[in-house]
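What follows is a pair of complexes built around subunit A, which joins subunit B in one and subunit C in the other.
== the complex of A and B ==
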């Protein structure tokens, strides 16, 4: 419960910031929302399911490319259909990749997701029809003018992205409370016991990978609409690493932690990169300190300071 | 092009040269991995450090050979520092925290290198040994690349003797095979790991220093080479010297001929090889553990 209250307070703070923000703040909030969704989807996989992936950004980038491609003149779908297509298309590909990748565990899972992710990166990097390493630009945004919302306005777009992030939080919290969520946690804690109970462990792991990929693809479709410009860098393993840092920084397996991590990292990156060229070293140092502290990220730290109230 | 024997010879030598660089990098990584189930993602950053330190030594002293000698020692010293301050503390914490700390180190070392050497590619300006060309058929070929191949083969031979003929080698093999039993039999596994870690760092530094005159030195080069090195480790088999050698050859050939024949698919072919090995033969081609 503590964690849900923490999430409520955090989202309330973000909406409060939005009501005060101007252009720069809107851009930051939209970016925070995108990375919060992506980091939450990775937490579902890594924190709850015990499958630490270094290829998650490839699913995110795939969603961004699918959205841009489906909505472009090449296919010509309307934006709502392109968003659905991006999320479910990414989910289908994640299911295919997951069906293979979940057969290995631990450090080998990190390696195989790295391998699949880099294959995706390489594919878009070399694909001249999709812009190659220059990427794609001029990507359309969803048109909500029918209900009086103009998403080409940065403030409205940031608000829509924040609402999406809050809804994804609710969705994932609900999924984790269902029997599927219980199996997911069990996969991490004791796969042999689940096997003894007659559950098909690999099927559940693949399903978790596909579901997590669907959410990551959705995050990609928002990111493409936000920047209206995408490059293969979105899929690169260094982006996956950054998202993993957000999850670890906030707290693995806490759901609210990844949101905290996204807020902290996006803010740090923008604030530090305006004063120093070496913000990467500060971010890396921060990660090392969090790991050395042996707390479960910032959320773990907060829970430790609140005695007797564990979420 | 394909019927010209010199094309195959030149590309074959290029494959071998890339393979030997990958071997120098992956051999330390794989033995650390095999001994301690721990991946040092910052290994590529130590390679870049070797190249940059080598560049500075070569520029200051005018001797590239001095750089080959001192740069690996300097990188070994940095490795010892990292081990004592960070990695040793996490020995009991399991593999994930160790992977994450070395991931954080990538960013720290990269920025430290940018701070000290700037972001540009640095090419050594003095005399470089073996800077001439030889002729393969009608094709001129840089002799320095043959030197890189020779260094790789010499290091493989040296490590083979070290592993199979010395006490340290026996302790490493015992540690990779079964660390608990080795420790029970009186092997100081922690000390063995520390020595292997230092040797791995030194070889990464040597790889960087040797690569520097041919490919110049820059802060980002460590991140670029890391992923192919990890692929070699997995394809070859964890903890295995000959696995690292064979894995390097496989990936060197895949990347070089892939780039020459199917430029759009060379990278994909390498990752496909990784995925195929993980699925069909997860222990790698030549695993150390039977």
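== the complex of A and C ==
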């Protein structure tokens, strides 16, 4: 409950910022929203399900490419259908990848997802029809002019991205409160016991991977609309690492933590990089401090400071 | 209910289980005893599906489950407890029981309703919690429970699946005398039609509560009979009970 209130306060702050922001702020907010969605989807998998993936960016990038491809002249779908196609298409691919990857655990799972991710990266890097390493540009945004919203306006787009992130939070919070969410936590805590109790462990793990991938693909479709320009770098494992840092920095298995992590990382990256070229080192130091605090990320720190914290 | 025919399992040169057969009818209270290394744990794991036999068959309620996975056996009506507590440590008693319920009924796909809104599932959890004496601890995290209460929860998780056959792996291991008493009361209160197989070191428990006893030695069935027959058997006295008396 505390965490939902924290999320409410955080999203309220982001919307408040949006009401004051100008172009630069809108760009930051849209980026925060995209990474918040992506990081929340990774938290579902890694923080709750215990499956730490280094291939998550590949699903994110796949969603971005699927959206761009489906919406381009090559296929010619309308933007809403392209968004759905990107999310569920990524989900289907994730189910296929997950069916293999979830057979192993721990470090092996990290390696197998890294392997799949780099395969995806290489595919788009080499595929000339999809722009190769130059990527794709001129990507269309969703047209909401029918209801009086012009998404080509940076402010409107940032607002739509923030609303999407808030809706994803609500969706994931709901799913975590269902029997499926309970299974996800149980799979992390004690998969062998769940197996002995009759649960088809691999099926559920693959389903969690697919669901998480669907949300990551959705994040990719928003990212493609935001920058209107995508490259294979989106799929690279370094992007996965960055998203993992957001989740850990904010707090694994807290759902609001990844949103906090996305805000902090995007802000630090932009603010510090305008001051010093060594911003990565400062960010690294910050991450080390948070981890050394032995709390569950920034959310863990906040909960420790709040009276009446649970658990 | 549960039948094993000619089970064999080798680990390299070790004949861990050799031609073991046993049969549990509905309502059975069957114990497996034997000295350390007699193959009790291997037999238990064969029956639970954690390992596959080299040869032999296992039938559960008339269905062949020799090659079935542990989860498939659980869905077919086999419940088991673990020798070392194997719980969802950071969760509450209620969520532990809810997970057992979900696993058995396959309701984990229900993403359209909140777990907390499933009243029928909660009622089942409350009933089992009361049955094992944890009725007042539903909201407690497992980490706050005493060792004995955790052992009770261990059995409760197995009971949540409404099994036809219950395998108990040393249910009183590590318990204080009072805790042991509570566990024995729990075992006595199990549904009469449930077939129960207990692997146990505690001889008092075995002789007081089992209707039939299988004595294992070096992976083979040394003797099978009622507690009185086992007590009277010179063979068992020589190889096991006598040895136990001079141990330590």
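Throughout what follows, the second predicted complex is superposed on the first by the 309 of 311 C-alpha atoms of A that agree within 3 Å, B and C clash if a C-alpha of one lies under 4 Å from a C-alpha of the other, contacts with A are read in each partner's own complex, and residues count from 1 in each chain.
Just so it is clear, a residue touches a chain if its C-beta (ideal position, glycine included) is under 8 Å from a C-beta of that chain, and two chains touch if they have at least 3 such contacts.
Everything numeric here is computed off the predicted structure, so don't read it as measured data.
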Residues of subunit A touched, compared between subunit B and subunit C (which is higher): B
Contacts of A:118 with subunit B and subunit C, given as first, second, both or neither: first
Subunit B versus subunit C as contact partner of A:52, first or second or both or neither: first
Touched partner set for A:280, first subunit B, second subunit C, both or neither: first
Subunit B versus subunit C as contact partner of A:200, first or second or both or neither: second
Partner chain in contact with A:100 - subunit B first, subunit C second, else both or neither: first
Which superposed partner A:291 touches (first subunit B, second subunit C, both, neither): first
First (subunit B), second (subunit C), both or neither touched by A:178: second
First, second, both or neither for A:189, with subunit B first and subunit C second: second
Doubly contacted residues of subunit A, that is, touched by subunit B and again by subunit C: none
Partner subunit A, residues of subunit B touching it in the complex: 37, 39, 86, 89-90, 93, 95-97, 99-101, 103-108, 110-112, 114-115, 223, 227, 230-231, 234, 264-265, 267-268, 271-272, 274-275, 278-279, 282
Residues of subunit C touching subunit A in the complex: 48, 69-71, 74-75, 80, 82, 86-91, 95, 98-100, 102-104, 106-116, 118, 141, 157-158, 160-161
Touching residues on subunit A, where the partner in the complex is subunit B: 52, 100, 103-104, 106-108, 110-112, 114-116, 118-119, 122-123, 125-126, 237-238, 241, 244-245, 248, 277-278, 280-281, 283-288, 291-292, 294
Partner subunit C, residues of subunit A touching it in the complex: 174-175, 177-183, 185-186, 189-190, 192-201, 204, 207, 311
